[in-house]
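Comments concern the structure below.
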Amino acid sequence: MAVSPTVPTGGAGPAEMLGGGFPGGHIVLVSGLPGTGKTCLALQFLLEGIRRGDKGVFLSLEEDVPQLLETGRQFGWPVDDAVKRGQLKVVRLDPKETRQSLHRIQGELAQELTGLGAKRIVLDSVSLLNMLSDDEAGRRSTLFALAAACRASGATTVLTAEADPRHPEVSRDGLSEYVADGVVVLGYRTAADGHRVGLALRVLKMRRTAHARTVQPYAIGPGGLSVDAKAVDLGS
Amino acid sequence: MAVSPTVPTGGAGPAEMLGGGFPGGHIVLVSGLPGTGKTCLALQFLLEGIRRGDKGVFLSLEEDVPQLLETGRQFGWPVDDAVKRGQLKVVRLDPKETRQSLHRIQGELAQELTGLGAKRIVLDSVSLLNMLSDDEAGRRSTLFALAAACRASGATTVLTAEADPRHPEVSRDGLSEYVADGVVVLGYRTAADGHRVGLALRVLKMRRTAHARTVQPYAIGPGGLSVDAKAVDLGS
Amino acid sequence: MAVSPTVPTGGAGPAEMLGGGFPGGHIVLVSGLPGTGKTCLALQFLLEGIRRGDKGVFLSLEEDVPQLLETGRQFGWPVDDAVKRGQLKVVRLDPKETRQSLHRIQGELAQELTGLGAKRIVLDSVSLLNMLSDDEAGRRSTLFALAAACRASGATTVLTAEADPRHPEVSRDGLSEYVADGVVVLGYRTAADGHRVGLALRVLKMRRTAHARTVQPYAIGPGGLSVDAKAVDLGS
Amino acid sequence: MAVSPTVPTGGAGPAEMLGGGFPGGHIVLVSGLPGTGKTCLALQFLLEGIRRGDKGVFLSLEEDVPQLLETGRQFGWPVDDAVKRGQLKVVRLDPKETRQSLHRIQGELAQELTGLGAKRIVLDSVSLLNMLSDDEAGRRSTLFALAAACRASGATTVLTAEADPRHPEVSRDGLSEYVADGVVVLGYRTAADGHRVGLALRVLKMRRTAHARTVQPYAIGPGGLSVDAKAVDLGS
Amino acid sequence: MAVSPTVPTGGAGPAEMLGGGFPGGHIVLVSGLPGTGKTCLALQFLLEGIRRGDKGVFLSLEEDVPQLLETGRQFGWPVDDAVKRGQLKVVRLDPKETRQSLHRIQGELAQELTGLGAKRIVLDSVSLLNMLSDDEAGRRSTLFALAAACRASGATTVLTAEADPRHPEVSRDGLSEYVADGVVVLGYRTAADGHRVGLALRVLKMRRTAHARTVQPYAIGPGGLSVDAKAVDLGS
Amino acid sequence: MAVSPTVPTGGAGPAEMLGGGFPGGHIVLVSGLPGTGKTCLALQFLLEGIRRGDKGVFLSLEEDVPQLLETGRQFGWPVDDAVKRGQLKVVRLDPKETRQSLHRIQGELAQELTGLGAKRIVLDSVSLLNMLSDDEAGRRSTLFALAAACRASGATTVLTAEADPRHPEVSRDGLSEYVADGVVVLGYRTAADGHRVGLALRVLKMRRTAHARTVQPYAIGPGGLSVDAKAVDLGS
């Protein structure tokens, strides 16, 4: 089955499970429990783009810019250089400045993104973004505006989201899936006795792609998140 | 037991489980977890109609028109030709334009559908449609209006819906079942150890039809969704 | 233990489990998951009455009149003849006409039912009726009014209801049980491995009747719903 | 351990599990799933009183007076005679007449009960009573008023309540336990394979009484509810 | 590990599990399902104080004064004598007199308690107290005021609370734990087959005390609640 | 993988699981069920700082200052000396003084913390802090303000939180995780039969650190909380 031009995810990431990467222009939700490497995968996706000449934007609600860059440095990625050369732009959306952050997303973001010429966008995290609105209607309109801005820019987008602890394959707010073309879930493998024995990744959904449906072990180390490629199976 | 004139679903789809297809004029809910092929089954249902001379309308809340057509092309379906010949009409209902989309469904949709002379209608997805309303009352009146418009047109309708992750045989909003004459659930088979081992389809309900009650493995590949026909059993 | 004059349910229905039928004047809730044959059992109950000379009224919120009659024809029941002779009256309560439908149930319904001289009444479904009200208070007052109208008419009544998918022995709204003298649950038998292996019926409650408490397999076929009578046990 | 003067419950009822009956002046909640015999046990408690010369009042929200008396007749109890002699009074509190029923319970009920000289009171059911109020605050004040009226009269009281299907040892509204001195739960025994194999009674709580804590099988038959006495154990 | 001056709990109570009793000045939550002996343990705690010369106050929302004293008599405790000598004061806070009871707790209670010179306080139950407020904010402010009044008096306090039937180690309102220095849970032991086989006590938390973490069987009999001391283990 | 300058946690604490301690400037959530030693770990973290010359602030919503200091004394920590020398400052935020406490956190706290020159901050507990606000919006703005104040001060922070009894790896309010750079969970180990057999600690998340993912047994004794170091594994 033919696939759209793919956007490689970098390193030994989930690209193998997707036949090469995320489809171009997709909005991909990366959902997971705390500590499963969502920010790592998102940053890795931007840095792989930079390596290939794609400009990237990281919209950060979770961390300040210096902390985020430090994360990149620790994985050995040339984040400082990328920032200096204008290839990577980290935008801090402070959750404390609720009104201002929401206004920016619902208003000028589309123009900003297009103006930047970014080919890859990350928002970390859509869960925290959803917390800025007081009601469901506000959450939905923000989310639709964000998705529209990302799509209008033509870039490929990664949204990170906290998984629901009761149903780790669903995001905590239960909304983000509705604007996503793809869903990648980061979680844990459990042994027969129910204990967690390691990290595992699953591609739940990826529109217009014949993706693997297996649960793939992965590790977080220097260079970022790496999937054990040998078990990848692209059968239906 | 006699059945109404059936509307074949196309390919090696669930038609075998229904004794030939969906009963004419039915509203069928196709409910499933993300990535189980709801949009594929819906599009396949329209294209089978076009192959037989039935005009079709795809009301899309999830994806823009170009993305949806690309999906059809990847499955090898002549969507561009069908659009050109006026056999397939894709209508984008933008969830960002809430008021406008709701107004259209509650107002002119019935006339539009009848005017088009469509024999088959798809709405993808009713879950996203339900998210446009701020309260239960609004959701119900939209849903009833949609169902009335589809029934008034005389066409056979497929509504796609997100399954509730806690109870995958129920739709996420728990409302859509109330306007449906039939419910088809797309989900996963689980092995004895609880792990998912593949996709499986079940016809939960189909008014005025002796339908199979078994859980049927299926695959998504070129040509769309195909059910393994050998296990189909139409016993009560 | 003596029982009231019973109202036979028709065919090889649950009558055997009740020592002959529903007690006269009872309001019986028939609750079940989608596709378990609630409408079939309700219609069968009316047609058995017509066969014995009891007039019947079918209050339909779920389906239009032609669809409902088609359902009856498919089971081989003389619905058209019954309608023609004034023995069966199908009343459509359109959920889209909320205000009008609620007004009728809370107002003139009692007089209408008495005027018709109906001995058997069906409302299909009370779940959809409950969805017409915006709050619990409205739901309760509608439900109490409906029950009062049915009781005042002297007829025996069947209310159908969607089962709660989490607790299939309870109705989805959790209210309908409160106006019912009896509760019949349509559901599934599960094998030792948890898989569904067929349909099964249970009489949960039937005031003033020594009813079977067993779970009884049943099938839906020509002639309607038939219970496997051999396992029926009327012990306490 | 010494117990207060007991109020025998009649027949082979739960009296054995309580060392003779309910303590005098107690408010006892009889909670259970539908069809487990709550109304039967309540009526049996009143009739045993009448046999011993105690006047009884049955406050009925669930059923009309004739239906309730018919229930008594079917169990072979002299309800008509008791009513004629002024020993049994059935008071219908119509849930349809919400305002009037609530007003009576919060107002004149205390005087009425004292005026009647009733030694035993039944309210069937407190679950339906709770449904008459629109909010928690209303439910609580009604419940406290009811309990106060019963206590002020000096009588021993039985309140019936629907069990929560998810936690059958708790009442559906979760409030009634707070005004009760004792809780008797009517439910089902389950076999090792999880299937229900019969009815079973448990005394969850009975202030100032050394009650059995075992789960006791019982049957409903002529004469009412009878507990299999041989397994009763009054150890702590 | 050294502990504060302990306040013995009386009888063969949980004192052994705490290295002698509750720490002086603590607020201890005694939480449990209905019928597990919460009121018994609370009264026992007061009577042990009286035996040692500590004045005690019992704030009763659940029962009237005569009923409570009768409970004490049945356990063989000299409650009448204690009341006569001014050593025990039972204060009835009538849940029916909502406004008045809340006003007293939020207002004059602190002065009253100090004026009484009570060394031990019981409130039975904090669950019923929480039901007097219409919203969370009201519940919290009442609870904080109560805790402040108890602490200001210098006494050691026992609050009883209904356990959540779904999670018996948590109180039903989920608030009371927040004002408590210690939590004692009364519940049931279950056998391998899931059936309850007896009562069991657990000290979940006790600030500044090396408490046993085991689940301890106990019985309720003459003299009150007694823990089987042989299994007590004060290891970490 | 390189880590930021670590802030040792003291004793045989979780430092080994983190490659030496918490990363400098982090906000670490210590979440756990009641009685698992959250306050102990938090105090231990401050005292280890004092031993190394770091000033510490303990913001206490749970306990008064004398009680907290007594806790420290019992573990053998020189809290009185630290307070006297100005190395440790315990700030009581009284939950009864809601408005005042919230005002301080949202207002002057940032300046206070910076003025104190504290290198380590504890807030015990964020669960009680969240209870002071009446709605989600208030909770979020307080939490964001608190986190901002702690980060602005440059100190490393520990927030304690009650675990959700249904999902002990999530905090009870479900919000605190969103402002934390790290999450440490204190809970119980369970044996094969489901019974709790001891305390166990897990590092769920720690940004920019290669932390152990194992579940580590620990004990609470003189000197505080100590982790059994032999099983610590820093692999991915």
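Per-chain residue numbering starts at 1, and chain names A, B, C, D, E and F are given in the order in which the chains are listed.
To be clear about the criterion, contacts are C-beta pairs under 8 Å (C-beta built on N, C-alpha and C of every residue); 3 or more make two chains touch, one makes a residue touch a chain.
Everything quoted here is computed from the prediction, not taken from an experiment.
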Common touching chains of subunit E and subunit A: F
Whole-Å gap between the CA centroids of subunit D and subunit E: 29
Averaged-CA centre spacing for the pair subunit E and subunit C, given as whole angstrom: 51
Length of the line joining the C-alpha centres of subunit A and subunit D, rounded to whole Å: 59
Touching two or more other chains - residues of subunit D: 166
Contact graph of the chains (line, ring, star, complete, other): ring
Residue ranges of subunit C touching subunit B (in the complex, touch as defined): 33-35, 39, 62-64, 67, 70-71, 74-75, 95-96, 98, 127-128, 131-132, 134, 162, 165-166, 172, 193, 195-196, 198-199, 219-222
Interface residues, subunit F side, partner subunit A - complex: 1-4, 25, 136-137, 140-141, 144-145, 148, 151, 164, 166-167, 169-170, 174-175, 177-178, 181, 183, 192, 203-208, 210-211, 213, 215, 236
